[in-house]
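One structure is given here, and the rest of the page talks about it.
To keep things simple, chains are lettered A, B, C and D as they appear, and every chain counts its residues starting from 1.
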Amino acid sequence: MELWYTEEHTENVRFSIKVDRQLYSGQSEFQRIDVFESKEFGTFFTLDGLMMVTQKDEFIYHDMIVHVPMATNLKIKDVLVIGAGDGGTVRELTRYDSIENIDMVEIDKLVVDVCKEYLPQTACKLKDPRVHLFFEDGLRFIRTKENSYDLIIVDSTDPFGPGEGLFTKEFYGNCYKALKDDGILVNQHESPYYESYAQNMGRAHKRIKEFFPVCRVYQAHIPTYPSGHWLFGFASKKYDPLTDIDEQAWNGLEIKTQYYNTEIHKGCFALPNYVKEQLANAVE
Amino acid sequence: MELWYTEEHTENVRFSIKVDRQLYSGQSEFQRIDVFESKEFGTFFTLDGLMMVTQKDEFIYHDMIVHVPMATNLKIKDVLVIGAGDGGTVRELTRYDSIENIDMVEIDKLVVDVCKEYLPQTACKLKDPRVHLFFEDGLRFIRTKENSYDLIIVDSTDPFGPGEGLFTKEFYGNCYKALKDDGILVNQHESPYYESYAQNMGRAHKRIKEFFPVCRVYQAHIPTYPSGHWLFGFASKKYDPLTDIDEQAWNGLEIKTQYYNTEIHKGCFALPNYVKEQLANAVE
Amino acid sequence: MELWYTEEHTENVRFSIKVDRQLYSGQSEFQRIDVFESKEFGTFFTLDGLMMVTQKDEFIYHDMIVHVPMATNLKIKDVLVIGAGDGGTVRELTRYDSIENIDMVEIDKLVVDVCKEYLPQTACKLKDPRVHLFFEDGLRFIRTKENSYDLIIVDSTDPFGPGEGLFTKEFYGNCYKALKDDGILVNQHESPYYESYAQNMGRAHKRIKEFFPVCRVYQAHIPTYPSGHWLFGFASKKYDPLTDIDEQAWNGLEIKTQYYNTEIHKGCFALPNYVKEQLANAVE
Amino acid sequence: MELWYTEEHTENVRFSIKVDRQLYSGQSEFQRIDVFESKEFGTFFTLDGLMMVTQKDEFIYHDMIVHVPMATNLKIKDVLVIGAGDGGTVRELTRYDSIENIDMVEIDKLVVDVCKEYLPQTACKLKDPRVHLFFEDGLRFIRTKENSYDLIIVDSTDPFGPGEGLFTKEFYGNCYKALKDDGILVNQHESPYYESYAQNMGRAHKRIKEFFPVCRVYQAHIPTYPSGHWLFGFASKKYDPLTDIDEQAWNGLEIKTQYYNTEIHKGCFALPNYVKEQLANAVE
């Protein structure tokens, strides 16, 4: 059976995955949700046709969006996760006993329902008693929060469709307000390689910098995302991930990870010159 | 015109580039050589249908294969380059005034001729007086060399076809012999992500380790190579790239690069856990 | 959502259909069965990855496999259909009040079950009281029949996998035996355009000719089959489709068809020279 | 080398041919011209990315556009060919010794030059002394002609770009005027299967009918054209192809053809019901 899922990374670049069969297809109020089975990547799921999570390499994304801020400040207790309907970010967070509360705000309940059924690998910890699920618009949810969280993780889709609001100045300002005095904001930060992604990356960075004194970008190799060169934003009111990481303490936790380690922690903030220039020269 | 070049990264993954037109197609004694023009990546060239160099991102590969060893030992004078027919590695090397001699051994003269015509961006320094071109089999060339080079760069294709010999124990042993007492060997080291590449990566690492006391692997984001997660091997008789780099001295050279910088130098050796495990558990 | 079903008509030719979603995927004892929804062709179904029926153009195939023999002999009462699990052939047959009995022998019950659910357009007449369904191997079923049918329609897959036996000499001989003295055999007869199909076509023709005094081939335009140039075999003990057709009588039945008409009946036996040569020169 | 030429037959259907190499790519004043080499179809050429001629099956198109009108009236002496830059139509015409003059009007000289170099199989008879090449706009050329030709063949591209004018009422009216009292007009008439083609087909038929008393459509199996079901228009002032064909005379000429024969001649005018309805219900 020649059945191929294709993501058009640009008009001129296609990334195609041979599909064994489609496991699910549905349309929520917000977006189209599909789940596929593939030989190369196992089960994977897409939103509006764009790759979100594959069984094979979701560990990379979830390791990097969670352990980098956590290793920077191991005293984090209150976490807000926005988006992340597949549950992978929450799964990694629940590995820290020190975390007391995880508010997860996902706009689309259907995403969570579908991932619970088809991606138990990521959705396995949504019933942890510390996790509180809110099916709401993250943009609206955060408006009412003040001085409430040690860490906010924005695990969003690309900045169009349901994810658009999570890349606005208003949203970043509200994140700042919702964080405590030593709070950290980490967000999915697009990619520097293909032009349209790089523009979104630059724009997000420029907006976050207006609010946070510490504002860095770090990278990971995620082969199923466009170009495989994917970025995360690290913004904080106080902590610097390069100087405040307590390697010994984090390693003492003995959290077994497949991608992240404390060397990667320090290495991942070393950006190529062309990316540094894009960030420095970003325009609205 | 819908004309697409596709590289099958595995049987189940295709990476496709829209082609404006084919600029060249030829068959040498060793391999098929094609050159294409594309909107996304500019001119790119392939050997036996596999992506070698694109105008858009060749700087990543060439920066990383050259500046990492050079910044580790700025006293390098004699360099042997094996493969590298596109000229990009030599171009980067010629930026160091301190280098006195570059022997470049390319098995396939037609690759050089084609790149001179269609990829002047990489092939521009092959006439530098320090460069000596040998159209020979690198495997054979190196057999007769002893204590001759400060740096050997193996800029090869994948380990099948013409590139196969450059991944053998015999070859690595001869590299060791051809290097001076503080010599460095850097090689194109495949990728950890897709299984067949990961096997080649592990095998190469295992073989090199048998000869060299210092044996590390470093990585770069090269989106046009399979998975975008590409590795280089750094082996040496004496120098360690993490402790022997003289950042200030390298930065003092004011070599303008688009990817490499001395932070990247230190960061690129931080490998994901799954890659470390692959290297540790590699089998023949 | 870029999801494409592709049939490789040859190693060098691909026909691809954009799929909205996959409606069904299952594996029976005999073959893999998939059902897809598409914008261009509506619902379509495949066996072992090969196109069988599309909602848009199934009428062409079913018109031509049924009305050509029926218009040749309007006195047909007893019909045997082999294969045809989608039900389209039976649907067309049931439009003739004069037919008294239709035995349908399909090896794979799951095909019928799936088509009943997803392709009611073709599977709508399987409950006609004249229809008797046998879920058996057609090759075996026919061995015991003698002088039993006025018409046998072999609506098979390609001659490999479950359909292989339906292209053998033994099978054609048994068809001859199972037919009455003025019986007609019509079969799906592959295509003359791509080489592997043309070989199967020639071989089938050669084998049928050994048994039947009248042995012709006719063609239709079926764009979703490889090359779009599809053939049917017409073999009979007595009737010639070109001289025995009673146009007036058939038109008097006022069966509304989208493809077939009595002009097509006469025109479809006019084969291109290159097809005539292939048939004349066919080898085992 | 995975290099694929794709023609998008609709937004949802792709036909792809594996290409060995591109032999030519150029841009004329009118259109883009490309020539490819393929294993399946030999050399083929495209205009603005759309398939025009393949070495493998050009005989079908050229047989059908030439021999149908010629066999209808073997006294044809003066022929005008519009378009047909590949030369295949002229090649077939030159096989009739009775033809005295062939005016060929091709708007794009580069098409002829390219075909002479890369498709000698079709362009081989352009130097026949009876052939007069005019590199002009056919629409303009014909305006000045009156009572001049026995046969006009419009071998055009699709009705957009350079071919657009050759589907207008004005043009058909001028063809009528340019023909002698028993003149015949044959034209490339698109396809009935995919919607956009069917609309063009209907519109052309409707316009031609306004001028010519005899107005028929005939079909051929051309697998490399969209859907493989391709049509030709036959319009004339006097001759009817079904009643005026002199089979014996044509067969007496002993013109060896691979597709056309006098049975095909009569059969190809038998159109499926759905095509007849499209033609009857065509709107502007």
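What we mean here is this: a residue touches a chain if its C-beta (ideal position, glycine included) is under 8 Å from a C-beta of that chain, and two chains touch if they have at least 3 such contacts.
Listed by chain with UniProt protein names: A, B, C, D = Polyamine aminopropyltransferase.
None of these values were measured; they are calculated from a predicted model.
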Original post:
Counting shared numbers against all numbers at the contact of chain C and chain D, is it over half, same, or under half, different?
Top reply: same
Subject >> Furthest chain, CA centroid comparison against chain C >> reply: B
Original post:
If you average the CA atoms of chain C and of chain D, how many Å lie between those two points?
Top reply: 33
Subject >> Inter-centroid spacing, chain C versus chain B (mean Cα positions, whole Å) >> reply: 57
Subject >> Residues within chain D bordering two or more other chains >> reply: 4, 14
**OP:** Have a look at which chains touch which and call the overall pattern line, ring, star, complete or other.
**Re:** ring
**OP:** Pull out all the chain pairs that touch, please.
**Re:** A-B, A-C, B-D, C-D
Subject >> Complex contact set, residues of chain C against chain A >> reply: 1-8, 14, 19, 21-22, 25, 32, 34, 46, 48-49
Original post:
Inside the complex, what are the residues of chain A that reach chain B?
Top reply: 4, 10-18, 38-40, 57, 60, 193-194, 219, 221, 223, 227-229, 257-261, 263-274, 276
